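Order as written gives the chain letters A, B and C; numbering starts at 1 within each chain.
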Amino acid sequence: MNVSLFIPCFVDQMAPQVGLAAATVLERLGHTVEFRPAQTCCGQPSFNAGYWDEAKAVAIRALEVFAGAEAVVGPSGSCVAMMRVFYTQLLADTPHEPAALDLAARTFEFGEFLVNKLGVTDVGARFPHRVTYHDGCHGLRELRLKDEPRQLLAAVRDLELVECDEPESCCGFGGLFSVKFPMVSTAMAEVKGGSLARTDCDYIVSSDPSCQLQLDGWFAKNLAAGGKRPRTIHLAEVLAGEPR
Amino acid sequence: MSDRTPAENTAAREAILARIREALRVPAPPPHLSGHAAAAAPEPNGRPGLMILPAEAGRPWLPDGGDTPAESLRILADNLAKLRAVFFQVPDLAAAADCLFAQARERDWQRVAWHDHPLVAGILAGIPCSTLRIDAPDEAFDKRSLEACDAGITACECLVAQTGSILVASDSCGGRALSILPHCHVVIATVDQVVPVLADALALIRDRHTANLPSMFSFITGPSRTGDIERILVLGAHGPKELIVILVG
Amino acid sequence: MIARNPIPHPTHAPPGAHEPATAKQQFLADAAEHIRDTGHRAFVRKALGGYYKSRDTQQARYRDWEQARDAASLAKWSAVNRLDELLPRFVAAFEANGGRVHWARDAAEARAIILGLLEQANAKAVIKSKCMTSEEIHLNAALEAAGYGVVESDLGEFIQQLRGEPPYHFVFPCMHVRRDEISDLFGKHLGTPPTDSPEELTMIARRHMRRLYVEADVGITGANFLVAETGQISITENEGNARLTVALPRLHIAISGIEKVVERLDDLAVLLPMLATAGAGQPMTCYNTLYSGPRRAGERDGPEEMHLVLLDNSRTALLADAEQRDALHCIRCGACLNVCPIFKNVGGFTYGTTYQGPIGSVITPHLRGVANWNHLSGASSLCGACTDACPVRIDIHHHLLHNRRNAARTAPSRLEKLGHRLFVFVASRPWLFAAGGWLFRKSLPLAKALKPPLLSAWLATRDLPPAPRESFRAAWQRRRR
């Protein structure tokens, strides 16, 4: 297939290794991968803050950028949810609605693409570590993804997967919520971080770089001395077999 | 504070209804359903776009109530046990009386309250404690005497297997207080009063609507309880601390 | 006989009631304080742990929980969207059974109606069962000010009344209170000896209330459902206090929002079990009682008069918002509170208003005004656990988004709007976006030291990783060569 990478703005600037890992895995599976440099952001920050007119402008541009792409694949549950679930809402009753529906039908989250579109669970990866999985809220509840990442991890050689006691509870990022209500956001990171750390894992696997930012940020400040400090890693990086 | 006039009440009613009508001029979309087949049944009055799932009594998505009377009885007994109600199944009224008397002795009841129903009246003779009939025709209802009784003995409208509930009504089961005020509630029922699911019991209520609708129906599901203190379950909040069901047949 | 005003009035403003003008600041302050109390948060989480287990067990007994949610949501959607037809139908059936209906456009009108009824009845002692609508209209304060002794009969509400606090959670009003605190409370107000047994504490309340049930001449309740088909009101409870409140006093006053209507008695076959399962992890709540009116001829006991106060109080405003109308489908089960990480971390009082948690955050701007209450819609990561938990499929977390959009349209923050406009400007020009990103990465160490507003909020409690040397787009270009 011809895959057009959708690289969220945050991944582009602050976590490029995630995008590179996703491309590596897809190419290894024999697909052609392109990156359209005209892309910038999906518009979610403005959308979530309620500034929908501003978000619309960004969304309309994204429709143009990805016009004609066979499959648009992004390593972020929240950004893919924006494009697939919320663009149609944002652009409802506008001339752009058909294009939004069209894009939604060919946009996929990375793990979802492998399992549900390509029918692949074993990408030939090896990752000899004890890991746990954090279910990012957008991927879980907007895109309805739960088993897909676990199926992929189950096929990784020498990987040990343990579930924490609350895999589905929110890490507390929530976009601008993390800085508008920082105490609440931090309390949520504390609760989820504690649950993840109790698995005594080496890595926390996530399909959402923004969750990674929140959890890593909290761990770095709060689990410094003594105890094991788990690090987050994106699912694509595990599957590309490139631990940091 | 002066009493409100009927005209003021009418004005408020008209204002609210007008606001409702105005608000509903824009239709709201139906909820996002789970993808199961939802039958689009046309409404009798022809209002478009309303979808209603078939109102079969079976409702296969709710918990099981049993497909046969034997199964329903088993589910009922199981649910009553889970609810910590005390359940006895006895062959006839004589056995029911023996069962009741044993409970009275075991709990050291001094006085029990009852209402005049064949099932209840039929087993009280000889009970080893004093009794208070709350629906004696020549006596006024005495709530203070009722409050002092150890148990209230009633019939019931039906028993629901699916939930373990007992349905009582204010006209056929001794009024409102008899089944809620005394510390123990004893229900005497017959096996043919068991219905599989809650919808059957509600249909029973609805069928009585054309005649004299009693002012109260109540589904009783276990002894009274609360989880208010640290979300710990405690039995016997304000209603009866014990629920005893004696099923005859 | 109950003495006048037996419950002591709090001398300070009670928690959980924010002044509208400063509600947002108060929210932030209360949230921060509550979050610091890690013991309290752990206590609440432990209490909820039991609920999750029971709920999961009970939900598994449904043969298809999702289809049950479909049925429940359609029953409420069908009723609310035909309220113009079903509410009058209910009222006609109810009045035919001998009850009287009073219409209240707002809280003040409702209070006046109830006080009028009490005065007419020459009432002395009032006993109440749990009714969130009565909290909404601040009924107790009005009754006490008029000299009536009001006792909350529900154990949790009684405890809160003694503490001078509103309910912490609209199904479990005192879930934040430890048993030793309850023991002290009862010792202080009822003179009972200390105990750490929940059973003993419950028995203390039970013995105290029994006298009051028998003595009270007015019982005030809420209503969970109004059944249009039969003209009955349905009241759900576990303790039996509502049944007692309505069995013995000579006057029954029920208060209900206008949106509680369901069309058919049969709808309760789905709604009653789901209210119990989602709300408390039970198959059925202990007492589900249908009242059609005052005692009928031939009935042995029961009130001589039954009055129902139907309350609008801005529900019609929410009804008029077709996008969010489904918020009126709420059956007040509290499931959304139980799963909300915000609620679990900030507690029920931080919301500062009658209805807490996710559904409270959705409806409060509609009931009390966007300008002062929209921060509740902002105080969410939009995780969506609430929407997943809702037995009637209210689109709760998306409505928080809708509220934010409405606020941005009607009362935007100029600075924020400018910020978003700027971001759009940059995001529409890839070269500018790339340049901006490069600048951000290069200046990050300096920014960490200087700590400008939003960044400082992050850095107070969390670290930021060092910026990568190059962006993805630059690395990709290199890789392609």
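The rule we apply is simple: a contact is a pair of C-beta atoms (placed from the backbone, for glycine too) under 8 Å apart; a residue touches a chain by one contact, two chains touch by 3 or more.
Because the structure is predicted, anything quoted here is derived from the model rather than measured.
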Chains touching both subunit B and subunit C: none
Closest chain to global C-alpha mean, per-chain Cα centroids: C
Relative to subunit A, which chain's C-alpha centre is the most remote? B
How many angstrom between the C-alpha centroids of subunit C and subunit B? 27
If you average the CA atoms of subunit A and of subunit B, how far apart do the two points sit, in angstrom? 51
Length of the line joining the C-alpha centres of subunit A and subunit C, rounded to whole Å: 33
For the complex, which residues does subunit C have touching subunit A? 28, 31-32, 35, 41, 45, 341-342, 344-346, 378-385, 387-388, 401, 403-409, 412, 416-417, 420-421, 423-424, 426-428, 430, 433, 437, 440-441, 454-455, 457-458, 460-465, 467-468, 470-476, 479
Subunit B residues touching subunit C - in the complex, by the definition given at the top: 1-4, 9, 12-13, 15-17, 19-24, 26-34, 36, 38, 47, 50-53, 55, 59-64, 79, 82, 115, 134-135, 141, 143-144, 147, 163-165, 170-171, 174-178, 180-181, 197-199, 202-203, 205-206, 209, 212-232, 234, 236-240
Interfacial residue positions of subunit A with respect to subunit C in the complex: 7, 9, 11-17, 19-20, 23, 35, 37-41, 43, 45-52, 54, 57-58, 61, 137, 140-142, 168-170, 172-189, 191, 213-214, 216-218, 220-222
Interface with subunit B, subunit C side, in the complex: residues 43, 47-48, 50-51, 61-71, 73-74, 77-78, 80-84, 87-88, 97-98, 102-105, 109, 112-113, 115-116, 119-120, 146, 153-156, 159, 172-175, 177-179, 182, 198-199, 201-203, 205-206, 209-210, 213-214, 229-230, 232, 238-241, 243-244, 246-248, 258, 264-266, 268-270, 272-273, 280, 282-296, 298-302, 306, 310, 312, 316-317, 319-320, 322-323, 325-326, 329, 392-395
